[in-house]
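One structure is given here, and the rest of the page talks about it.
Every chain is named by a letter (A, B, C and D) in the order it is written, and numbering of its residues begins at 1.
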Amino acid sequence: MKNDLILRVIAKLLIPFILLFALYVQFHGDFGPGGGFQAGVILAAAVIFYALIYGLADARKVVPEPLVESMMAIGVLIYAGVGVAGLLLGGNYLDYFVLDPNPVRGQHRGIFWVEVGVATTVSGVMLKIFYMFADRGKVDEE
Amino acid sequence: MTGATTSMTLGSHFTYFITIFLMVAGLFIVISRPNLIKKLIGLGIFQTSVYLLYIAPAKLIGGTAPILSNAFTVYSNPLPHVLILTAIVVGVATLALGLALVVRIREAYDTIEEDDILARDSNAEDNGNAT
Amino acid sequence: MLTPEQAILASMAVPLTGAILISLAGRLPNLREAITLVTAAVLLTVVSTLLPLVMAGGRPSLVLFSLLPGLDIAFAVEPLGMLFALIASGLWIVNSLYSIGYMRGNQEAHQTRFFVCFALALAATMGIAFSGNLLTLFIFYEVLTLSTYPLVTHHGTEKARDGGRVYLGLLLSTSTVLLLPALVFIWHVAGTTDFTVGGILADKLKPGELALLLGLCVFGIGKAALMPFHRWLPAAMVAPTPVSALLHAVAVVKAGVFSVVKVMVYVFGVDTLATAGASNWLVLVAGFTIIAASVVALTADNLKRRLAYSTISQLSYVTMAAALLAPLSLVGAVLHIAAHAVGKITLFFAAGAIYTAAHKTEVSQLDGIGRRMPWTLGAFAIAALSMIGLPPTAGFISKWYMVSGAMASQHWLAVTVIVLSTLLNAGYFLPIVYRAFFVAPPADGHDHPHGEAPLPMVIALTATAAGTVLLFFFPDVPLALARQLINP
Amino acid sequence: MNLAPHLPALQVVVPLIAAPLTVLLRQRSVAFAVALVASWLALAISLLLWWQVANTGIISYAIGSWPAPWGIEYRIDRLNSFILVLVAGIAALVLPFSRASIESEVAAQQHYLFYTMFVLCLAGLLGIAITGDAFNIFVFLEVSSLSAYVLIALGRDRRALFAAYQYLLMGSIGATFLVIGIGLLYLMTGTLNLADMGQRLASVQGTRPVLAALAFITVGVSLKLALFPLHQWLPNAYTFAPSAVSAFLAATATKVAVYVLLRFYFTVFGESAVFARLPMQQMMLLLALAGMFAASTIAIFQTDLKRLFAYSSVAQIGYIILGLSFNSVSGLTASIVHLFNHGVTKGAIFMLLGCVALGVGGTSLTRVQGLGKRMPLASFGMVIGGLSLMGVPGTAGFISKWYLLLAALEQGQWWLVFMIALSSLLAAVYVWRFVEAAYLREPHQNTTNVAPTPWLMSVPTAILVLAIVYFGLDTSFTMGTASEAAAALIGGSR
């Protein structure tokens, strides 16, 4: 597949849009359907798509495995960090109201960062699963 | 919640029948199939039935997505959706872990049939090189 | 000088410390044996300091700590426990002397382990003697079982292990399946398990329940070797003879009957049992055990086996006498604990001496042996008289009280049992004495020349035989303690 | 700022944050340090919480400041503060133990993963115990279970993989049953808060969905707590998992599942509803007895010590359920205190087996022959643990057995008293198999070179063994908490 010109060109065209769509789903999640889970999966799908067309080795260069593992961890940390921030600002754990003088904006801010954390972890996990399975049995065509 | 308001008819409760069918079918697959992958598929079906169990009653006929607006007064219950989103994530994690285990089992045993695995282990024990 | 409370603690701490020191001195046999003897002497001294106080009516007690509210690890000294502690600690000295001779004479292995376990067993025995409630007694009872197990299996052979399995299995199972539920039940009913004069169960249970509970206790105390739970005693005879002597003539089996008497007097209460008639069945069971065990002893050729069955039968004297509930028979029961202890330990000592000197274990091999080992067999004869209950030995006094008690309470069945068993006792002991002294030794030449056993052993068995006679002439202390038991 | 009011959240959050940190740091000694600090902090927090609850009563903490019936509530009473102490305490001891233990049992590049999964599992178990929200229980249950599957699969033996797979299937089915039950309850009451649910159930008590929910939850949780005959996953999982994992799971995972059952029975359904409408009492009694006898009997015939004690766990779970089935304060007290005491005992035994496995290269009965000479302290510890399983006075096991016997007597069930005593005899038999091998057989010739036990392993193990004796002598902590918790469970329900 690596040598199929059409696929490679179309992939190059599509992947930026997939990434863009992921960001849209991520940020629009506050107002409409969407959010971190979906965005994370779409983000991961873009990379998986890339791996399918350009090969696993190339994908590993773009998104190396340690990065993927770190993404899983960092996402959880962001989520937990928002909770701790609530604690530090005098509220309960995961209290968003205190994140901003204006409680409504506080809610907004809290949700935003939580969703960032979720997206990071979900895409990390998805990629990790993909890498893990794709690696087995050496099906990668080199 | 919702279903309880209408009378007990087959039609009004059809989601429950589907739920129970999926539940029993999934469980049956888990129990009856010796193939480890098929067992996981059964487990997936079994878990899916739970999603339906939660989601179906949350939908109010005529209700909209629970986003405040002056135009609507009837909303579907959002909480089950959130719960099930969590449950789906849990299900995905379980499935991924299960599949990963199956992959490694296949590498270690060269088979994914339950009977074969058990047979191979008991042979190993007989030869005294179990541990 | 020790305060009474300190003395109680010291009576357990001394053998424990001894055990530690003995294990440390394992490399130096002479030092090790010296420690054993010193420990035993110190223990007897400590226990003796309590005697005047108890004779004067003092009842020192001590609560170590509480497991649960109302459930304490507590100690209390009363006449019965005092007597038991005196016997056990006194005979330990003699026995240590004897063990040294026996273990060296037979070149036994693992001698350090032997002496350590012995000291541990003595600590547990002291705990049983001075326990202030049934729970404490139960705990030390189990410790005694566990600490004597290595002694029983000392030889480490398959046979020893089998014997050990029966020993441990029977004692552990009776105590957990029968005694422990009884203990919980008593606590449930009475809210306490303290040993109290007059008992703690008065007016709390129906006669049937009392009888059932008594059964649980008496059979649960498997060390009392009441049939059908007597099999551990012959099984445990695979142990070296000093073990059989001290543990299966004194500490373990006496701990059993001691516990039975203590439970009947201080938990159930003599009056409660008498009013309910809850112990009548026990007289029958104990009587049956006496006769049946004597008959088995009559047919046994192995000397130690014969002694073992004799022990079973003699233990049931105590149980039966206690179950009669008459004051005189209770005195008899208490005295018999002492009388049988000194008598039976002499018999075992003699058996061990014969084994050490002549390597003989069967009764039929003993023809003419009395001429070569006059001291040993002389002591044997005196102890045998005590077993039968003839003067001038201690056995006569205890049997006298028992028969008087049985007669006073007009329990003719019990009287019959005692008379019949006396005949049987004579029937299995006198032939041994006769063979030893009056039958000519076999002339088939398989014999190797031998004389008496090593000196420490002879000293020990002579001492205990002398004790048997002395106890006949000076029974004041045991008698006084026994009287205190029935007239608190 | 004052962290004291936020202890309930921190109880779960501390290990939860430690988990990604160990992944990020990767280096195994750093990961170990992070996990260790987290587990010790968790223990400190749990003790503080226990102390607070003992002095000031129930603590309620609203996550995100959303008040109780709507938001997720962390609710700590006597019962779960006790469970928290058990779980955190065992974790705090097993973690230092695991450092040296996994050295020989887990591949080196997976060590940081081990710590990640361990603290994640810890967070999950603590979360189950602390939360007052039904669905949250399910989520934390899955967090702990998923990490437990991974931990088991880390075992070197290939059978560990299959054991983990089986556990995964059974565990997922159990969790799904639980979530079905919770769903039915939610349909009937419209709330997920356990306390609120309990109040609202009163009006729909006895309707068919509620009964179905009871059945689903009972079966689901029974799978998790390995109630006979739903215990099939347990022996393999405990046998082939790394020793540290066996110790941790044996001491905590099933115990937390028991807690969930207690919570649903007594706080949500109420004991009258559970025991009056269905023959739950008889059923539980029967299963408990069957477990006590069948599992003990199977244990007697095992040749591997880990497996032997795994079956013993199933039997001991029977005791806990037996106490529950009495439906009385003393029965519940016995259950709760046995839950704790058995956790401590089994934790110690499996840790000792870890030391033994390291020392003589295995835990089969032939390997441990002559262990009394080879590893005198470890064998002595095993004997103490065994005595506690038998319920010998002076050990923790005696206290719980004592209360169980008392509870049976209160019911007037004499035959049960004897059954309990008989089953402890069976325990004596399987413990004896070890004693005989260790003390009465000549040492196995392959075990002449005993690897020394590192102090990181021996010290935590020794602490836990001493704890067996300590809790057998000083019962103020265990009994005090358990009896109050039991009284609150029975009294607090309708």
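Criterion: a residue touches a chain if its C-beta (ideal position, glycine included) is under 8 Å from a C-beta of that chain, and two chains touch if they have at least 3 such contacts.
Bear in mind the structure is a predicted one, so any value in this text is a computation, not a measurement.
Novice: Taking each chain's centre as the mean of its C-alpha atoms, which one ends up farthest from the centre of chain A?
Specialist: Following the centroid criterion, the farthest chain would be C.
Novice: What pair of chains is linked by the most C-beta contacts?
Specialist: Maximum number of inter-chain contact pairs occurs for B-D.
Novice: What is the distance, in whole Å, between the centres of chain A and chain B, each centre taken as the mean of its C-alpha atoms?
Specialist: 25
Novice: At what distance in angstrom does the C-alpha mean of chain D lie from that of chain C?
Specialist: Computed value for the inter-centroid distance: 45 Å.
Novice: Counting only Cα atoms for the centres, state how far chain B is from chain C in Å.
Specialist: For chain B versus chain C, the centre distance works out to 69 Å.
Novice: Report the inter-centroid distance (CA atoms only) between chain A and chain D in whole Å.
Specialist: For chain A versus chain D, the centre distance works out to 36 Å.
Novice: If I apply the definition of touch given earlier, which pairs of chains qualify?
Specialist: A-B, A-D, B-D, C-D
Novice: Looking at the complex, which residues from chain C come into contact with chain D?
Specialist: 65, 67-68, 71, 135, 138-139, 142, 153, 156, 161, 168, 172-173, 176-178, 180-181, 184-185, 187-188
Novice: What residues of chain B sit close enough to touch chain A in their complex?
Specialist: 65, 67, 85, 89, 93, 96, 99-100, 103, 107
Novice: Touching residues of chain D toward chain C in the complex: what are they?
Specialist: Spelled out, the residues of chain D in touch with chain C are 390-394, 399, 402, 405-406, 409-410, 417-418, 421-422, 424-425, 428, 432, 436, 440, 472-475, 479.
Novice: In the complex formed with chain B, which residues of chain D make contact?
Specialist: 135, 138-139, 142, 146, 149-150, 153, 157-159, 161-162, 164-165, 168-169, 172-173, 176, 179-180, 183-184, 186-187, 190, 192, 362, 364
Novice: In the complex, go through chain A and note every residue touching chain B.
Specialist: 32-33, 37, 125, 129, 132-133, 136
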